[in-house]
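First chain A sits with chain B, and in the next complex the same chain sits with chain C.
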Partner chain A sequence: MSPQPFAFPREFFFPPFFTRQTNLTTHHAQLIKWSSLILSYCRHHRIYKLSLSLSPSSSSTPDQSSPDAAQPQPGADELFHNPRIDKRLSLADIKETIDFMRKDGRAEYVAPGGAGGDVVWIYWRSPEEWAGLIEEWVDGTGQKGTVLTLYELTEGDATRGAEFHGLDPDLLQKALGILVKRGKAQIFGQEDSQGVKFF
Partner chain B sequence: MFLKQIDLTTALRPSYLTDEVLLFVQDNVGLYEGKYKLPNQQNGQVYLTSHRICYVDKAEPRKQSVALDLKDVERYEFYAGFLKSSAKVTLIPKPSKRSSLQSRSPGLGSAPSRNGTASPLQRADSPLRAPPVDQPPASTATWVCTICTFSNPVPSNFDPATANVHTPLPPCLACGIKPTLTHVLKAAISNATSRAPNSLTPSLQTPLPHRSRPVSELSGLVSEPSTPVGTPPPQSADPDASFQCPRCTFLNHPSLMVCEMCGAQLISHDVPPELRQIQDRTESPGPFLNPAVASLASNPDTPESVKISFRGGGEKIFYERLKGAMAQRKWLLQGAPPIPKSLRLGDSTSSLSSGGEQGITGGRPPTERVKTAGIAGLEQRGLDRRKNNEIVIGTAFEDLEALMASAKEIVALAESFARQGNGGKNSARDNALLAESAAQLGLITTKDIVGGADESLYLSELARNLAEFLTDDARGVLRKAGGIMSLVDLWAMFNRARGGVELVSPQDFEKAVRLWEKLKLPVRLRTFKSGVMVVQSRDRTDDTTIKALLGWLQDLHSFPPDRDVPWDWQEFGRGVTAQDAAERFGWSIGVAEEELEMAEERGVLCREEGIEGLKFWENFIDTGEGKSYKTKEQESAESMLRALRQAGFV
Partner chain C sequence: MSRKGVGLAAFDRSRITSAQYASHGSSLRSSDAAALETQLAVFRSLLQQFAQTHAKDIRSNPSFRAQFARMCSAIGVDPLAASSTREGGGSIWAQLLGRSVNDFYFELAVKVVEVCSETRGENGGLIEVRKVREAIMKSRMEGAPDVTEDDILRAVGTLKPLGSSYSVIKVGSKPYIRSVPKELNTDQSAVLEAVQVLGYVSVSMLMVNLKWSRPRAQTALEDLMGEGMLWVDKQCAEWEYWSPGFMLSGQDAVPLD
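What follows is the complex of A and B.
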């Protein structure tokens, strides 16, 4: 993971930022700021799946460690809770923000039911964008027609410099699925050792 | 100049002089100078006060409002109106040159030495006063057509003094041939000379029951200076006798309106008002004053009379109150010696009372007073003063006349009693309010002061009254409340300031307050979205409130908060509660809440809900990115459009 801590924007230290605004335009601006904060935070920490329920469960033990002494585990707890000004975005407001991001195609519930689950995909790159990146990489390295395993694609030495190195396997499946639909790739093999062939 | 420009209050009412009392208000009036309308003063309100008659124009109150002092009025007359001509009150100024003889008229000179019980109404119609000269002109004047010999009436607006070649003349009613100017002029002048003697012969008019006016009956005792010599027509003293036609001298039956022989009008102008139906008009057929003609006609030796035309009624009450005001002559009170003391008391008490009188008026004690020293002297003085107060109150309430005459002293006394009576018990502010209420008495608008059939005039006057009450700098009602106060508070305070008399009902109050917008007064009513109604001055809009709020929040960036705060106060400032805002601006908490929410609604503030309650902050959330932000669909649509444009499809 990234060694340096995430630099929060200045709104993060503005107490009203954690209260749902009643004015519609202000509320809209608030949602935009929150979603861009979530996206850049997840991009920084390369988080693909975010568990929302983490924040209330860990709320009982936040203060045993002083916020400056030990860097908290990256995730929803650090993202939605500012211990310096002792403010926390409520779960309802988080869900509202996620809904706002879903409309924009920047988030998706992992559970197929939708609103029921509390783990969400955060698409700081959407599956389409991932698919494009992979295709570009395949083009650039001249691997059209070759067969690659999925593990090779995300964890292999060949992709170490590429952006999708370390991509979540489920997200990779989604991205490859898009390529398959376009007729640019074909997936075969069993569950644990799948391979993909690019055309 | 007889008419003077006047100052208006913020609420567009005349600003009153000291001791001036409002007597009557009537709207929909116009002004005439001489026989001509003043073109800029044709629709306004007339305020009759104890000292002045003020005209406040409706369209351009600041420019066109004028007043005339009652003390400059020589005489005043009442004209009941006839057909399309509205009722008028004519005010004739004192001549400026012949002041030595004329202004020292017996009625005026006798004012200080009058005895206290004389009725003012009697004095008003005193036969010593000069009788009216100005009969409505030319309604009986005729000119005979040279072509067909038909006798035409001279138009009522035809004035021989000002007529020239360009004066429009109506053609003959029978044959349509226009007369020459000299012809009509001759007819008008000859009529004027023959009409004048009529006023000297009251017995001639007595057979006609409705014709005579009390003033003209009394006028017979003194011959008018301006009356030309004329031979009085033969007359019969017998009331049953027939009435002589002024034109052909035929003796008509008294009940006839028109001469049996020649068709001349027998009854012209003195038709009692009951016979006419009152109609509201704003347009009047009279001619307007032409400035060029006016300068020609107006003679400095004979100042023009001023007429007030009542197009919306109310002339009778105005006339009655004017009569009263002219009789009381309040303008003499200023600087006048105190009222003569009653002599019914014995010699010892009269000397006592004179000493006490000085005690009230603040003068030095009389010389003949017995000199006493020490505690006995102090006691004696206290005794004197109490005795005198007793006398003043006793004489004042003896009858209404005396009360009016000594009103000034009684008010002063009442104020001093109020100060002594509840000193220390109530708060200082209440005391001040009570003391003010006595001074306030003269300024209130009551329903009986205001003329007019419906209550709209009363309401508009009340609205002006309220606006004055609010914006009065001395009282500072609105300023003390932070420039904004709820309607209920204002209602309570206003009624208390009226001192418990002529209270305003909540319905009238609300209606009056709603008129502010229409009357363009400097205060306005505002309804918050919660339904709370508040009043504030007109210049305080939402924008100025927001500016004030923002300025305050900006200040909080530079002043450190009372205790340590976790956030960067230099960057964000501090959140404020409604309580803070109420303290800072002097608002009530309800008003502060509404104002903060209004500012939030405008997107200037944002809220923070915490354990400490609702706080409002400067809006650092919506800093303008929202506008440039685009959703993905918009972006793709735009890129599509761009591509199409590049390809030349669009």
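What follows is the complex of A and C.
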């Protein structure tokens, strides 16, 4: 987790930003601003999967007296709700923004078809981009031909400092899947102890 | 036919006098013209001298540049008007300063156009000159000369010969650049002026402050919404209409504490 809080952009303090604009052009500008905000917020907090559902309680009495309560957990509650101006983006508007991002390849529902609720991949790096980063790292560190466990790849000391360190395991699977398709890697092993070999 | 003895000489005399007046007049005119020509020549050379000695200041010092431009326009010299009929072509400034000042304004005009088209989606093509300046200053490299609102207005002026839709309009007391060819009617201007002062407006605020009827206030607001010049906030007791200009600056971009 990044220690410093995310610096929200100016539009986050602009009350109409939280209301779906009726004018088409304005709405388009609004969608662009929201999607870039979501991407930079998730990048800052290294959020790979975002749960869209807001906790229902957070609207009532924002407790400003204790400093601990004023610091919300990173996530949809903080991202789509500005307690300072008391505005929130509705779930319908959030989903519309996500759909906008999906067309751009910047978001994807974790459960296809929307069956699995409201958890969304936020691709501040797309799986292709993650695959590229991993491939670069393999090239740069001369790991071709070696076998690494998936755990090593994202949690091991060797990748500390690489951008994909700490990558979500499911997203890692997606990225490696792309490398496998390109014939650059091979995955083997069981559920818990999967390994990967790079070519 | 009886004839009074005025004599034909009278005609001659009047003819001679009028001829004398005419020749005197023309000599006066020509001497005036000669004097003016000398004055103009002296003035031109002085202006040239001035511009050359201060060329660096004109280029680098925005307030000096503005003063110089103001002086030029006060004496009826438009430094940016392209007088292509003149020998060599180009404007007086271009002739005097080797184009660098002109290029300064043309480059600035390009940046103004960029800012306007980037933000057109969110503001409907109407943006305060101050905001344009902020955006330009933010994107400039370090050490680049300062740009004033005056420079920006002048730069917008250079776009005119292109037949562009860029123009400067006054809303309330503040100059705005309009990059979409659309006239605002008086009601719409009044609403924008009120938004400028109050931050946002609602139907009932317009009814109270401008003594408008409800349909009139609603129409003006809906028209401006249709142009994309206002954003609506529906999460309040009565819908509030905000100027997108407040998004570009105004509220401080500080993290939630």
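Note that the second predicted complex is superposed on the first by the 180 of 199 C-alpha atoms of A that agree within 3 Å, B and C clash if a C-alpha of one lies under 4 Å from a C-alpha of the other, contacts with A are read in each partner's own complex, and residues count from 1 in each chain.
The rule we apply is simple: contacts are C-beta pairs under 8 Å (C-beta built on N, C-alpha and C of every residue); 3 or more make two chains touch, one makes a residue touch a chain.
Here the structure is a predicted model, which is why all the values come from computation and not from measurement.
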{"item": "Touching partner for A:Thr25 - first (chain B), second (chain C), both, neither", "value": "both"}
{"item": "Touching partner for A:Ala158 - first (chain B), second (chain C), both, neither", "value": "neither"}
{"item": "Which partner reaches more residues of chain A (counting touched residues only), chain B or chain C", "value": "C"}
{"item": "Partner chain in contact with A:Pro9 - chain B first, chain C second, else both or neither", "value": "second"}
{"item": "First, second, both or neither for A:Glu78, with chain B first and chain C second", "value": "second"}
{"item": "Touched partner set for A:Val147, first chain B, second chain C, both or neither", "value": "neither"}
{"item": "First (chain B), second (chain C), both or neither touched by A:Asp104", "value": "first"}
{"item": "Which of chain B and chain C A:Phe17 touches, first, second, both or neither", "value": "both"}
{"item": "Common interface positions of chain A, toward chain B and toward chain C", "value": "10-11, 13-19, 21-23, 25-26, 28-30, 32-33, 84, 86-87"}
{"item": "Chain A - residues contacting chain B, complex", "value": "10-11, 13-19, 21-23, 25-26, 28-30, 32-33, 84-87, 103-105"}
{"item": "For the chain A and chain C complex, residues of the former touching the latter", "value": "4-11, 13-19, 21-23, 25-26, 28-30, 32-33, 70, 72, 78, 82-84, 86-88"}
{"item": "Chain B residues touching chain A - in the complex, by the definition given at the top", "value": "566-568, 571-572, 575, 600-601, 603, 606-610, 615, 617, 619-623, 625-626, 629, 631-632"}
{"item": "Contact set on chain C toward chain A in their complex", "value": "120-122, 124, 200, 225-228, 231-236, 240-242, 244, 246-257"}
